[in-house]
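Next come two complexes, and both contain chain A; in the first it sits with chain B, in the second with chain C.
Showing the complex of A and B:
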């Protein structure tokens, strides 16, 4: 058991190391990428370029630069932005994280509830009109670009129907702190939550229905039916429990990816200063230290949620547990 | 597969005179199943119409809209219902800096869907943009499937150290948030011309987003392909071939590749849908297709500034994406049902 955990941890660190290397190489070793030129501006003279290189440490060999950056990011935590000099990147990420977390947490509650409701209803009404309708609605949800849906939501709630009773409560775009103004926070987040959740609710509903239908053919369901249990009880207590296994796996991966910057488009559309937006802004100005910090933060969430899913998997699925995973 | 092989080798050109009854092949069975699937065929028809419409974009621009959708038309006028109207109306609110372009005329002619902030015909741009969106999604899918096929087969078949490295690389890319990777690559590469050996890509070329999107999604396909090859490698017919001393190259070509091909084909429509969404997202963030070329994503971006005055500019390309991606997803379900034997069993049991 302990050796499994250690191996898992080593793998995680290896993957994160790989990711940081890729980011570093993308920005330093791709043809034409010259961070000093970006920092110095468009028409900088060669002397200025030299000065910039020396003052940012860009004249040192790549491995040294990489090592220095990692040291300042993890050990001394004093890594500062290339663009806004003196701005430390670790606090900036820490400041943006609550925004992303509150966006993704709220949306996750909505899409899990929505996905389970859609999946169970569709499976219970299998091959009826309701089932088909729910499935096609789910597919439409999956097929909508999230940024477009966000803009349409903005159009409806901020402009077209904003003066009616329906959406008069929606505040202007921007993030309000949860601790300072909890009610305002809730009101600003409702529309982004719905926008982000639509796609996942559709996806999860479809997957759950397929799993429930598949589980319906298992022997233990036939046994339950032969015992004379009610259909509701069979669906909710017997079929649902096995079907939720893949649901949990998907949730872990999607949640990790979203917290790690996948919610970027939603954040941009709704003007939320989360980690995704922070990364995007940093990317546009090629602010490598900031990008490094956010991407490592992001990959950390992805890798950790992968590992948690694996452990949870062994925990909730007796079949995996039995084989000594 | 193996039956077809045997028949093929016994029915050489020498005994072509003998009538050979060939088993209906895997692909033909799948195709027939797909053709019987009315929903999937409906989706295919929709896709065909969309492609046709986009291919006919130049015809639409010259015959119907009558304007060049890539040149701004800042002080033009247009006659609607007998009245002459400017294409761009200066804003009367606030500082009067913005403009309100003409709204949709809803007549089969110029400015059917209105104009964008530079007075360009939205309907014509929509068709041209669709061309680019489809082209990028299609080429990226091809790149992705070919690369993923090669990586997955090499890793799964040869195993050992090569496979270890490939698996780790796929893990790293997998854990890398896909949008961040695509965005990082786009931002670094988009504004520069690149020359790698004989291939040179000019700045702002459509090939850049295409290649980036294709490469970024390789792990999505390569991981299942690798798993499939690992399974095949242990299967009896491959072991038999190895035991017979058939060279690896031939085993790969005759036994592994045809079986992996079905996995790739099942992935194709779904990857097309995914690539289309990614292209739109990159273009929306202004790091995909570069102006003056258009794609559905860039038109949505153009429409955002006009969102509250002329919402159709942003809504129309979004609807186009939704319809196309929806049709691709439905078609993808049909293809999977037709080609994946496991899901076939599932369907038979269901009835």
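Showing the complex of A and C:
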């Protein structure tokens, strides 16, 4: 167990190092990428450029620059933005992270529950009207772009039907702190959660149904029937466990990516100042320290969620146990 | 003792709707099974053996399957029985052992859990009692270290052990009828013999009837009380084992028997094989299904032969006794002890 954790940690450090290197090199070492020119602005005089270089430490060799940046990011945590001088990037990420985590965790609960419900119901009612209906709904969910759905949700809940009993409870856009106003936080997040979860619920439901139907062909399902078990029990105990593997795999990837900033569109539509928004803004202004911080943060969550997925694998399928540790 | 057979199958037909029309995979099968009897169903792949016994338990879930006929178990009609009642028969009164033990157990649950699950489905035993019973059953089927194996997962056991576990599960509710679908095909020869011994022991200990599907005539010779030979979804010959082995009536049975190498005497240069392939079920000849591969086919074979005979030994072949004797002698050589 301990060796597994150590291996995971080493793995994580390796991944984060690799990603930080790539990001660094893209912004510092690709042809035409002169951060000083960008910081100094258009038509800056050579003297200004020199000054900028010196003041940002850009005149030093690349490995030193990289080392300095990592040192200031992880050790002193004093790395500041190139764009808003004096704005420390680590606190900025720390401030944005709870917003994104609230959004993605809540949505994940919804889409996992929704996906499992849709998948199981459709598989149980296979080839009936209910099955087809659910699959079409799932497809519609997958097809709706999240920014469009978000805007429609906003239109309905913030404007058109906001003054009716139905959506009067929906607060104005913007994030409320969970610790300070838990109830307000919840009310604010409900609509973003639903918006973000719809697509994933549809997708996961369809995948789970396909896996359940496929599992239904397995010999052990026939054995279970021959044992005299009920169809419900066969589906929930025997077919579901083995079908969850691809579900969990997808979840690990999607969850990691969303927490890492992939929920940008939802964040923008609902005015949530999350990591996605932060990354997006940093990219707009090519603010390397900020990009570096958000990318490192994102890779951390991707690696962590994949580690969690591996643990879940072992929990779901005993055949995985013992081989990976 | 009642004379009533425990299982009585009449006119069983299983057909599938396909794009090319109806496929009759099991075509008018009738047989009886007495208590404590071992019936072997023999035939090539695709001859409808497995479908026949899957139908008995109502395990054909293909929506394109059409099932006709009657399966009476202890006087009760199983075809068309509501799912809830059928479930009480499955696993409790009729149990099944499948061909491939590697895939027959759910990979994510322990052996003991899976046995206990069946026990608890059909009895009111507590979790603990069901587990204790599982340990007992695992021991009864000859798995060493039953207390350890009960908590093992299927992938941690060898094929033979898994098949034993499947058998332990099948026995858990003392079924009156055991359906075994090629239970030894996927196993090593040495393990095969052990599994067959186990099935025979079961009959002795629990008094179960057994339907054993195989394509191995050696298994038939060792296990069967009665034999039923199937070809292209039809019964071509059935009778007591000794009778069928000593005086096989149907040319297809000769083919099957001829394909066993003799234990004594001169070794044949080549084993006899049946020429040709089994017919596609889409194009089963209207008459005798075996006629296109039969050396003795004649004009009369264009009509479907009736399954008839005497002394419990029936065959669906038009050859009369004299012709049969001559043809059999030609096909198999003169069998010792046959008049």
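As a working rule, the second predicted complex is superposed on the first by the 305 of 325 C-alpha atoms of A that agree within 3 Å, B and C clash if a C-alpha of one lies under 4 Å from a C-alpha of the other, contacts with A are read in each partner's own complex, and residues count from 1 in each chain.
Just so it is clear, a contact is a pair of C-beta atoms (placed from the backbone, for glycine too) under 8 Å apart; a residue touches a chain by one contact, two chains touch by 3 or more.
Remember, predicted model here, so these are calculated numbers, not experimental data.
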{"item": "Fit-or-clash call for chain B and chain C when the two complexes are aligned on chain A", "value": "fit"}
{"item": "Chain B versus chain C as contact partner of A:260, first or second or both or neither", "value": "first"}
{"item": "Partner chain in contact with A:91 - chain B first, chain C second, else both or neither", "value": "neither"}
{"item": "Partner chain in contact with A:241 - chain B first, chain C second, else both or neither", "value": "second"}
{"item": "Degrees between the directions from chain A toward chain B and toward chain C, using C-alpha centres, nearest 10", "value": "80"}
{"item": "Touching partner for A:226 - first (chain B), second (chain C), both, neither", "value": "second"}
{"item": "Partner chain(s) touched by A:143 [first = chain B, second = chain C, both, neither]", "value": "first"}
{"item": "More chain A residues in contact - chain B or chain C", "value": "B"}
{"item": "Partner chain in contact with A:218 - chain B first, chain C second, else both or neither", "value": "second"}
{"item": "Touched partner set for A:67, first chain B, second chain C, both or neither", "value": "neither"}
{"item": "First (chain B), second (chain C), both or neither touched by A:57", "value": "neither"}
{"item": "Least Cα gap, in Å, left between chain B and chain C after the two complexes are fitted on chain A", "value": "5"}
{"item": "Contact residues of chain A, present in both the chain B and the chain C interface", "value": "none"}
{"item": "Residue ranges of chain A touching chain C (in the complex, touch as defined)", "value": "127, 218-220, 222-231, 237-238, 241-242, 316-319"}
{"item": "Footprint of chain A on chain C - complex, ascending", "value": "57, 59, 61, 63, 83, 87-92, 95-96, 98, 100, 103-109, 117-118, 121-122, 153, 155, 166, 169"}
{"item": "Residue ranges of chain B touching chain A (in the complex, touch as defined)", "value": "168-169, 171-173, 175-181, 183-185, 187-189, 192-196, 273, 277, 280-281, 284-285, 297, 300, 303-304, 307-308, 311, 314-315, 318, 321-322, 325-326, 329-330, 346, 349-350"}
{"item": "Parts of chain A lying in touch with chain B, wherever the complex brings them together", "value": "11, 14-16, 18-19, 22-23, 26-27, 30-33, 139-140, 142-145, 147-149, 151-152, 154-155, 158-160, 213-214, 217, 257, 260-262, 264-265, 268, 279-280, 283-284, 286, 291, 294-295, 298-299, 302-303, 306"}
